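In the two complexes below, subunit A is the common chain; its partner is subunit B in one and subunit C in the other.
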Partner chain A sequence: MNKTNELALDNCIKCSICVTHCPVAKVTDKFAGPKQNGPDLERFRLEEPLAVHPSIEYCSNCKNCEVACPSGVSISTMNCRAKGEYVAKNGAPLRDRLLANVELMGDFARLMPGLVNWGGKVKLFRELAERIFNISADMTLPQYASKTFYELYRENKPPVSAKKVVYFPGCYVTYNTPEVGLALVKVMAHNGVEVLVEEFNCCGVPLIANGLLADAKNNARNNMRKLEKYIDAGYQIVTSCPSCNLALRREYGELFDMEKAHRLAEQVIDVFEYLQVLAENGELKTDFKHLSLTVGYHQPCHLKAVGCGVPSKGILDLVPGVEVNDLDAGCCGLSGSYGFKKEKYAISQEIGRQLFQAVKKKGLNRVITECGMCQLQIHHGTGAEVYHPIQVLAEAYGLGSDIK
Partner chain B sequence: MTDKAQVVIIGGGATGTGILRDLALRGISAVLVEQGDLAHGTSSRFHGLLHSGGRYAVKDKEAARECIEENLILCRIAPSCIEPIGGLFVEMQGDDPEYTEKWVSACAEAGINAEETDVQEVLKSNPALSSNITRAFKVPDCAVDGFRILWGNVNSARKHGAKVITYSKVTKIHQENGSVTGVELLNKLTGEKKTIECEMVVNAAGAWAGEVAAMVGLEVNVIKDKGTLLAFNHRMMNKIVNRLRPPGDGDIFVPHGTITILGTTSQTVDSADANKPERQEVLDLLKIGKEMVPEIENFRLVRAFAGVRPLYQPGSSATGRSVSRGFALLDHQQMDGLNGFVSIVGGKFTTFRLMAERTADLVAEKLAVDAPCRTAQEPLTDPVPEELLKRGKKVFGIPGAKKAAERLGDDFARVIEEAEQNAEKRQVFCECEMVSRAEIDFVARDEDCHTLGDIRRKTRMGMGTCQGTFCGYRTLGALNKYEKFARSHREYLSVFLQKRWKGIRPVLWGQQLREAQLALGIYCSLFGMERMK
Partner chain C sequence: MMNKKADVLVIGAGLSGLMAAAKAVEQGKKVLLVAKGMGALGLSSGCIDLWGYDIDQPDQVCSRPLQEIDKLIQVNPHHPYARVRDVLEESLDFFRKICAENGSPYLENEGGNWLLPTALGTMRPTYLVPASMAVKSLEEADKILVVGFKGLKDFYPDVLVANLQRNAELKPSCKLEPVLVEVGSEELKPAALAHRLERGEIIDKIVQQVKPLLSPGAVVLFPPVLGSSGGAGMAGRLADELGCPVYEVSNIPPALPGDRLQKTLLHHLKTRGVEVIIGSTVTTAHLEGNRCVKVTVRCLSGTMTISARVFVLATGSFLGGGLEADIEGIKESIFNLPVQIGAEEWSVQEFLDLKGQPFNKFGIAVNDHLQPVDESGQVLVKNLMVTGANLAGCNYPIEKCGNGVALATGYKAGKLVEVVHGE
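For the complex of A and B:
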């Protein structure tokens, strides 16, 4: 079948359901919306590749359109390609290149995390950054950890076991919340599974979202090279970040047409999906402590897009004393680098408002969610402490001390 | 009411509008009369192929030569109406290799540049095509937009003083002492009658030419040959693809704007209005098309449509001055002793300018006007200035601006101005074909615009994937404020939708069936049109 039909261009019946599900189109009229940028203009792009609506930069790459489409149109893949075309022709601002280059930023921050974290809180610096780079002075910046996840892993190697998986931690765990990765390694070890790691590159999602497709493809190739031996040996590849999961499972195949992408997709699994399988086979350890903890749960858009349900809630429901309240309030609005951009900050906060209100209305001061960026945004919008569900599970096994 | 002109042209197709322009450029006063909107006839119901002549090279060298000459002229004078995408002739397994050889030398003799190209390359850039292709040749085929050519002719002619009257049917041709003296028109919208006094009448009524000649008691034998075409939802290939074998049914794919057109069939019919595509014709075309595009069933069909070819056959009683095997110019003074009556019949869209030139030469000679033809040199449309395109991109986006510029030509500037001043006008009403509210408003104000169908032909609104489901009611909403659209809204909508459905019904399966169900929900349930009186 040819490539256009693969994206199911012909399936679109113009019902506009995707538009009604687009969180960006809901709050601003600056964005022409998923239908127009996706299947509508795709017909024009077959004649003129540059037929891209300039408002394409307002797409946050949340993928809600694609999830909602009743016709199976690969709307956001079309949008990503279109944005790529647009950026390839018109270039991307330095600001976008910086924000999208999560790895570079992480490596830079590593040199002096204390100073970077401090600088991120000084109003004067932030105002300068806003004026020079158009990076919003109002958005809370992520905090960098003093040691990366890889460093911590080497210091805390799990015991050798016959059962092994590979862990793809992603940039946010690597540079900002290594404790999440560590909790994962411990939880798996507790269940008799040894977690192997490699120094992977950024999965590419921030680059894709900013239209830097060539760079993203480069990352994808590097990661594929590192993953290949594990794929061939039949290892499962575990993720804790939904966006990394989506990239490995879907984007490498759909956007980059990579060999073996298909097999990679079959072997990538979210850590809670993995634990769910253990539970189904009666192999999950259930020696949980009583926690007496009430948390709100926010489902990240990219987890929705992966289509694996909400496996973390299923597992945490097994822990005595833990009450998980589904917030069910849609996109958090941050969408990676999107909400840091000066011209998009207000949009991002407006999208997140429903979610913030849900947290406040339920009187919750602790929230769990799988995505690091959602964690940051919920904390920014509500002041609540936000964790990855694996941290709660580690706590329940008596393996962690992150939950305050 | 009586009007006066030197010449009345009957028929607002490519031929008639071409003649109008030609006469106007020679300074001859002319009025064109068309019973419907411009392009009501075959000139909007064709394949959209500006022939290189390759198709006729073996069978009819003269027609082939005419095609390539006219092709080159039109590319020069009307670039904004033409997509110079090039064409391919492909030989497939089982096709006669000897025919290919014959074809190659015939092309060379006719002056058509046919260059053999690597089959693997062709397949790589056109994955929809069958791997059973054995040889492929590039030719200078182009896609041509019939509507735009027609408006181009008319706009240019008007600038030189010509007049166009649409929605008026010529019902009588007056004659006195062996000379035509005028025509009588019936306005189909108002029922009013009107007379135009003239020295000459040109019958450019295409498939209706026989009926028009009968008004003066003459016989012009036009065989009405219906051809059905299929429109697919997107561009399936990046070049026009012809099957390299003796011309037959269903062997050309033309990527045209956002769609691809496959055709055609051929069937003699009784009436020039017999343009209803049938389901069986669709199935037949798909079957043949599948040989070239094996996955053809996976591509979405948006509609089928049909046109009637006017094929001229010299009758037993009259032998016309056959200027070419492709078309015939009939001088009825010479043939039948009727002064001031001329018929131009047969031909192709591709050769309309040449047909017009020959006709206008004859008319000028009879009127003793000594002015040469200028249509081969004078640009038909002026290119849209870069600066204007830039402004357009800001309000309509890249494709929206480009398409609107091509459609609107000189009027583009005014539409942009409106959109710049009023943000509401930037709304895209037809999202499938990127037509803005500003453009729809502008076209609606045009004096030749009376129905949703007229707006559709002038803008492409309603011609994309949804076939009018969404843009139909949106446009009607915008027309609300115009007095001339004050008739029943239900009627406007039903006429518009029924015309769309005529083409949808024979392809009602797959995704188009889902689309149709949605349309049904919107119009019958939501708007309650079934119950509306």
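For the complex of A and C:
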């Protein structure tokens, strides 16, 4: 009962605000919505853990329900656990296991990135994958980089400095957009901060979203083991991906009850929050170039859920010639592996439609957003070039050449 | 622990917090808005009540709300309206301006109250309404067709029809008819229905089922599901297709018009550069002398502090979470401000027989700058302003003034940020 109280089950006033704010329930009847699987069935789950509505698989784990709830009910945590119970009992399709196992996919692609990237664009292979694995043939697949972030980092080690942080890059930066990680390392070095890295495991969010809680917990344990010495030594742990940030700051404690999770949460920080602190102490370098750059900004759902606001905003406001337009058009719809699933692709695109329209209506061909998956989806839906805000900052410092 | 900084921190994303932020950012302030969740707006009808009934004859809908409020202030100088009378018209104009700029115009009824049908078939007075709900001249209709949807809960056209006949002043020859249209889903959630309408998927189906029932002089009433964003676009489109006026009536929560208004105002704030954090709860205030320097915030992912020069407490009452009741009594949840328990009684007795729940009058007492004060009128926290439903002295369900008080007090707080900071 204790855990239940923590989830604030009894606070639910049945107002259905969570349902109104659920992007999935808005576009499909297939999902019963956050209230039913959350607070409504949670009560039964106290007695019978398997009281789970099968439509739970349609929850994309975006967490909008929880953010909106006026009563502080931990709806999405209830839903994550419920999905976990359901998958533990009924098993998960091989497809879900593959998609959720981002590291495995990344390591495989690494053996021959050119071939994998090419294969991802060949219609025949995509149709086969759709038929055999139910992986949508229409969704743009992420491109794998020829070298991982870790390899590139080792080749371009930043100068040693007394000020150090640890960077948790996350899978998307590791395998797909190592340039984002490199931009981060350079920006920090420019400000006199040395970035250390370790070969971490996937944070676990894709596993959690697919109900594979035991695997996710395994990852969490491995990461904790690697992070422990840094936590003890008082290092700040910097992220660039909002979902990794949320996992380290919240899920490790909330879902997995891990020892030291509380201290970890205190030490994890988004890279722009870190830069904000530097700025406040007058330690941020402001030798910015004028950029003449107009971009749309999309706030990822998991960044909303972290609750640190829009940390990149205060910093990018300092760069001359950069105009950032908040798109404020809701969830992008991809939600990690969700939008790659054949039966969910249409739902995912329908959710993202509002965002795509906002980009097109404003006539923007460049967009910035912190989450790699949102980057992919916005590019897929609009053709716009999409960057991580740290790449804009690197550009402004004259350290990068990513912005086209 | 992370610390964020702003000129103005607004706590609460209900109507009063949103107004305070909108007015503060207009003056070039760096504004941060933090809220635990969505608040009462998403539950409300989305209409702005200002003052519903005649003070001397409480069973009469009042025809000039602004003048009635002048009267109210005479008999009840402790009502929140007495603190904001100087900016009331200005605040309503400001609100209408930003709604219109963002494509969701609100309409006034020539200085009087609108009298609008509800889903229960009652007629409720209210002051500003979204264009899609501004029902005009129901009394001239020759036919009123009430459209419901199979599978949509909480809206039953036959109930509306039966009660409206009793409650509204209609032509004796006016025919009322309920109809349930089928759009191919067993269970419909309002937001999902609104989305399908916006996508144009089910408009033909609706028109096919509704059009044959219409006759000249007909008016069509729908539940408030005509689109998920503000503006009367969808009602207008249906009106064109059907060839007669189409309106939404107000419904019990979760009703979309309140949600649309909240989205519209949040969008306005974000595009003006206000940083918005929803899902995070302010737990404690840190004071130095009688000034607040920062607050502690519990987010989904840990804790942080926010420092600001001026703070606006727009946390609502019991529903929003601004006031809490426990065994020891009622308290304000962040600053621990004293809560008045409605000792002030109306000086005009008999006003409103239906005195309503006394707890609705509980709240925080403030001065004309909306700063919280103790019983002797001493300011408790100098750089803090209190707005909206957590103010003492108003009984919104009975008085029909909830959103009006929230709007005007929020606006005034936003306007006074510089003044209060200087004090």
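Just so we're on the same page, the second predicted complex is superposed on the first by the 403 of 404 C-alpha atoms of A that agree within 3 Å, B and C clash if a C-alpha of one lies under 4 Å from a C-alpha of the other, contacts with A are read in each partner's own complex, and residues count from 1 in each chain.
Here is the rule we use: contacts are C-beta pairs under 8 Å (C-beta built on N, C-alpha and C of every residue); 3 or more make two chains touch, one makes a residue touch a chain.
None of the values given here were measured: they were computed from a predicted structure.
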- When the two structures are overlaid on chain A, which partner does A:K26 contact: first (subunit B), second (subunit C), both, or neither? second
- Have a look at where A:K313 lands relative to subunit B and subunit C in the superposition and call it first, second, both or neither. second
- Item | Partner chain in contact with A:L46 - subunit B first, subunit C second, else both or neither | first
- By residue count, is subunit A touched more by subunit B or by subunit C? C
- Message: A:S71 in the overlay: touching subunit B, subunit C, both, or neither? Say first, second, both or neither.
- Response: both
- Message: Once chain A of both complexes is superposed, is A:C15 in touch with subunit B (first), subunit C (second), both, or neither?
- Response: both
- Message: So in the superposed three-chain picture, is A:N134 touching just subunit B, just subunit C, both, or none of them (first/second/both/neither)?
- Response: neither
- For A:Q36, decide between first (touching subunit B), second (touching subunit C), both and neither. first
- subunit B and subunit C footprints on subunit A, overlapping residues: 13, 15, 71
- Message: Looking at the complex, which residues from subunit A come into contact with subunit C?
- Response: 13, 15-17, 19-22, 25-29, 33, 63, 66-72, 245-246, 249-250, 265-266, 269, 273, 276-277, 280, 304-310, 313, 325-326, 328
- Listed in rising order, the residues of subunit A that touch subunit B in the complex are 1-5, 9-15, 32, 35-36, 39-44, 46-48, 50-55, 71
- Item | Interface residues, subunit B side, partner subunit A - complex | 83, 127-128, 233-236, 238, 255, 257-258, 295, 298-300, 393, 397-399, 402-403, 428, 431-432, 434, 464-466, 469-470, 511, 514-515, 518
- So, in the complex, the side of subunit C touching subunit A is made of residues 1-5, 32, 36-40, 42-43, 185-192, 195, 228, 253-254, 256, 259, 266-267, 270-271, 273, 275-281, 297, 299-302, 304, 319-321
